[in-house]
Amino acid sequence: MHAGIIARQADARVTWCYDLDLGRAAAAAEAVGARASSDIDAILGAEDVDAVLIASPTNTHVDLILRSAEAGRPILCEKPIDVDLSRVEECREALRGRDVPIQLGFNRRFDPSHGAVRKAVADGEIGALELLVITSRDPGPPPPRPILEACGGLFRDTSIHDFDMARFVLGEEIVEVYAMAANRVDPVFAELDDVDTAMIVMRSESGALVHINNSRRTTYGYDQRVEAFGATGMVRSNNHRPSEVSRHGAAATAARDPLLHFFIERYADAYEAEIRDFIDMLGSGRAPSVTFEDGRRALMLSEAALRSHRENRPVTLSYEGA
Amino acid sequence: MHAGIIARQADARVTWCYDLDLGRAAAAAEAVGARASSDIDAILGAEDVDAVLIASPTNTHVDLILRSAEAGRPILCEKPIDVDLSRVEECREALRGRDVPIQLGFNRRFDPSHGAVRKAVADGEIGALELLVITSRDPGPPPPRPILEACGGLFRDTSIHDFDMARFVLGEEIVEVYAMAANRVDPVFAELDDVDTAMIVMRSESGALVHINNSRRTTYGYDQRVEAFGATGMVRSNNHRPSEVSRHGAAATAARDPLLHFFIERYADAYEAEIRDFIDMLGSGRAPSVTFEDGRRALMLSEAALRSHRENRPVTLSYEGA
Amino acid sequence: MHAGIIARQADARVTWCYDLDLGRAAAAAEAVGARASSDIDAILGAEDVDAVLIASPTNTHVDLILRSAEAGRPILCEKPIDVDLSRVEECREALRGRDVPIQLGFNRRFDPSHGAVRKAVADGEIGALELLVITSRDPGPPPPRPILEACGGLFRDTSIHDFDMARFVLGEEIVEVYAMAANRVDPVFAELDDVDTAMIVMRSESGALVHINNSRRTTYGYDQRVEAFGATGMVRSNNHRPSEVSRHGAAATAARDPLLHFFIERYADAYEAEIRDFIDMLGSGRAPSVTFEDGRRALMLSEAALRSHRENRPVTLSYEGA
Amino acid sequence: MHAGIIARQADARVTWCYDLDLGRAAAAAEAVGARASSDIDAILGAEDVDAVLIASPTNTHVDLILRSAEAGRPILCEKPIDVDLSRVEECREALRGRDVPIQLGFNRRFDPSHGAVRKAVADGEIGALELLVITSRDPGPPPPRPILEACGGLFRDTSIHDFDMARFVLGEEIVEVYAMAANRVDPVFAELDDVDTAMIVMRSESGALVHINNSRRTTYGYDQRVEAFGATGMVRSNNHRPSEVSRHGAAATAARDPLLHFFIERYADAYEAEIRDFIDMLGSGRAPSVTFEDGRRALMLSEAALRSHRENRPVTLSYEGA
């Protein structure tokens, strides 16, 4: 998907596709008129490489970030940096002093509806933010088991997007997290010592309260809502559908389509805007819109939620560096 | 229904119920603690009669209006005055010089949603009115045949409410009418030389255009909408439902209840407000909110629509007295 | 309000109004054609008293319940039973063995929109309930300080309705509560050692998760929503407005009215249905729809939330009798 | 816009851009990597030309259609074929016997919301169609005067899309048209003997009734709605907005964004789908989805509406060839 988006931009193109499996690299490359290689160093040293987009399996991110940074190539890396916070801290250390722009792939920040909520809050349109409610439920069914095993669990894989959304809308840090979770959807999650359903409450530095609710399965599509309530009003980002059709009959009226199915459909425009934003940043001198530190802090919130759930107590956070 | 509403008011009560059939009068009277009679003159002469509400069969309206007016009793009469315009003109002549308040029962004027549209137009909230679209569809099935035979047909029985609504929102007269009609719902209408489905376009004095569409049958409840479009905006009165519940599943999302079934349910509050308004008018010195002349002009529009449909040509109107 | 509702019922009337202040009792009585007294025992012994509706200050509820029960009069008592759980337990003990029906005034259970959510859950329409989200925000400004001082604080005064709503929709008990709260609205709440903003998460016996968010102030009316998410779908009870009008202009489209202002407006029909239900129960032999025990358990949840907030830890509950 | 869309397709590319003004042709060509020419015959004879997309001024359409057809090149031509029906008839004659696919650019047929309405009707989802209401209002302000002078007036320039939409949803022909029109928006329209506001009613072969309302100016964006009402239900295509955000405050609740501005924004996806459909048709052997005859009949409805408006009478149509 990412390669296709780049290929559609007038001022960018995909020059190389990397995969450990050269055949897969070649297939991806062919679709966008690029070259393929399974030798990352060759690619990073190539003259026609201005920047790197990392959308490989999560456990390869840190290595690819470090190599790309060493090569001085600006990076757009899919979230999360890693499911292991200690590896993220090591990566952060290793990057210290390097001046390579790294943008984290929190695509939802580029959704026009969510973005309008953040803008309304930042502009003071609803006064001081007091309550923030994020609903975020995947359509399921659960991914293949190997993906579930590697994903780091609900809090690191799914809720991490919501933690980032909370930080994005709040414009400040979260200092306390309490998570209550359950196994309601599929036995596979319990087998993996994971959960599939969760409710989280959090407190921000300034005292705003935040709620996130997650499920691994809906019947009606990808449920993605953000509601910001403040001293002078409320602004909401509601769900998206494939059309604006409504149906009226003896059983129901004003019935709408099921929601857009999942992230590929729901955030198609956001992915494109994210990549556009990265391209626009290159050579502009400005900092990335979403930083490595944003990726780290969202993961710290995932860790805090997981600990809260496991120890059944609220967990406080501070963000001083290691 | 009307008697029950009066019985609920703190400052009014039903003292007499009249029906040619004394048994029915007595039943109605008992429910609200009133007396019953089949002698209208006795009732009109009774000391405990301050005003008269006429909700009898349409062909009795003119006679009851005239008798009540002779007795000096203020009148609230259900629409229409009569299905025969010449009888309405005779009644108008006979009332000339009498100073008895007569309020016509165009209940929809008292609906808060429609009333807000009229107010927005009158207040200039949407600038000069340019297009007015009225959707008005009964849930059906068709009433018993004797009622259909006496009702005067679609334009005099149903569309008349929409003609009045148009005049109410416009705040000015309609000068031209074109009606296109069809038989789509039930053969009984064709047998009665009536229609069951219609689209009407009209022009107002100042040049605003008006559309009404009618059907004798929906599957989803009573469809009652008013849309006023002007130079600076649009205001709409949308449908009402028994609850604010929405349902979301694999087949549909945001599905709402069927609409309120028919006029008894949809306009329950409007009927009460209409009677409240009549009671408040009594002894206040102010004129009725809806006048005999409003009833006459709405019927003139019904006649014009019927002639337009029969002669398949636009029909112009002027409202000079007989 | 309650007296007016009773007065409108065909099969019930207010015969006595009680108030410690006889003048106030007389004023209330006059409006509904009842007699007044400041002697509760005289009233409870009167022949024309079939049942008692208690809507007095909260700290008088227990005494009035006990006296009415001794007199064998069925009781409809406004929530809460008392703000002090130990008094509720004493009252419960004192009532043991008495066979007098006591209905608690959780009016929201009688709202058609919330009721439809509960029915959908009970009917299995959305499969096993997994997430329940209750939004409940008062329009504010804060009530007069004496009322705030006596109300028992946010959790006992406001959230208690939401705890009852949760139990109503769940159809089972809540076993764990965590509350995070804040002072965001008005300094008066902090002065009273109270909070004005809260987020609560809870777990039910069967493992469903529940979230409640509360605020003492909105700018847009009384925000009252219930969202039930289950294995096969979602059903929501959304907000109510005074009309169905929408406005469309250069700044916004589909703009609706502010919400109904507060509980008097929003739950007008629910109050009437609640009293209707109580009247229908009298002499029917069936148990009250909302019981003393419902009132006790909702208050236990208020206490648990308050303790959770104060001790900043999740609190578990069991409902064995004292 | 069209060239950019073609450039984004994997299986098509723009090889030549034609404009009488070679500079403009060159600019367009450069943006998509094509060659430019002001010699249409050279282009039509070029080996790398498989098909022709005509988006030139309306008065050049017929000539370009005929030349392209002579050259055997399949054609996608923007609506209308011409504003002069006699030229369309001549073109039709000249094309007789030629087997070149010609697709007319009624882009709205490719909108997913409108398409779902047509599909619902065609599938019998709402039973026999009885009423069809099309709302179609441009945001204005009026285009530059030279464009207005050449566009053929409201009925040929704007309503023509709605006539095509009516035929598309009906799946049958329209046999009678009555148009009532007015000048409400801008004096320029009256100066050009044109109108800017219109209401049209029409009857289909099978007896369904159709209403269209048009305005040249709204304040709230491009208002594009289609409502199909049938024997068993209703389906609607509602307006589109740039986001799903809603705003809630003291003045209004659930307030949405203004609608997408105009056809470029509203029908961006439809234009892409239209061109996709044309490309897919090429070489497939199937007929175009929208035909030359569709273009002719929509224009015949425009002519009928104009005559109805000018002669103030309903106009009947038959579609036998010249």
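By written order: A, B, C and D. Residues from 1 in each chain.
Methods note: a residue touches a chain if its C-beta (ideal position, glycine included) is under 8 Å from a C-beta of that chain, and two chains touch if they have at least 3 such contacts.
Quick caveat, the model's predicted, so the values are computed rather than measured.
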Relative to subunit C, which chain has the most distant C-alpha mean position? D
More than half of A-D's contact pairs recur, by residue number, in one of B-C, A-B or A-C. Which one? B-C
CA centroid of subunit B to CA centroid of subunit C, Å: 40
In whole angstrom, how far does the Cα centroid of subunit C sit from the Cα centroid of subunit D? 57
Two or more other chains touching the same residue: where does that happen in subunit D? 219-220, 232-234, 239, 247-250
Chain-level touch network, classified as line, ring, star, complete or other: complete
In their shared complex, at which residues does subunit C touch subunit A? 128, 130-131, 133, 135, 137, 176, 178, 180-185, 197-203, 207-211, 213, 215, 217-220, 223, 229, 231-234, 312-314
Within their complex, state which residues of subunit A touch subunit D. 8, 112-113, 116-117, 120, 125-126, 232-240, 242-250
Contact footprint of subunit B on subunit A as seen in their complex: 219-221, 239, 241, 247-259
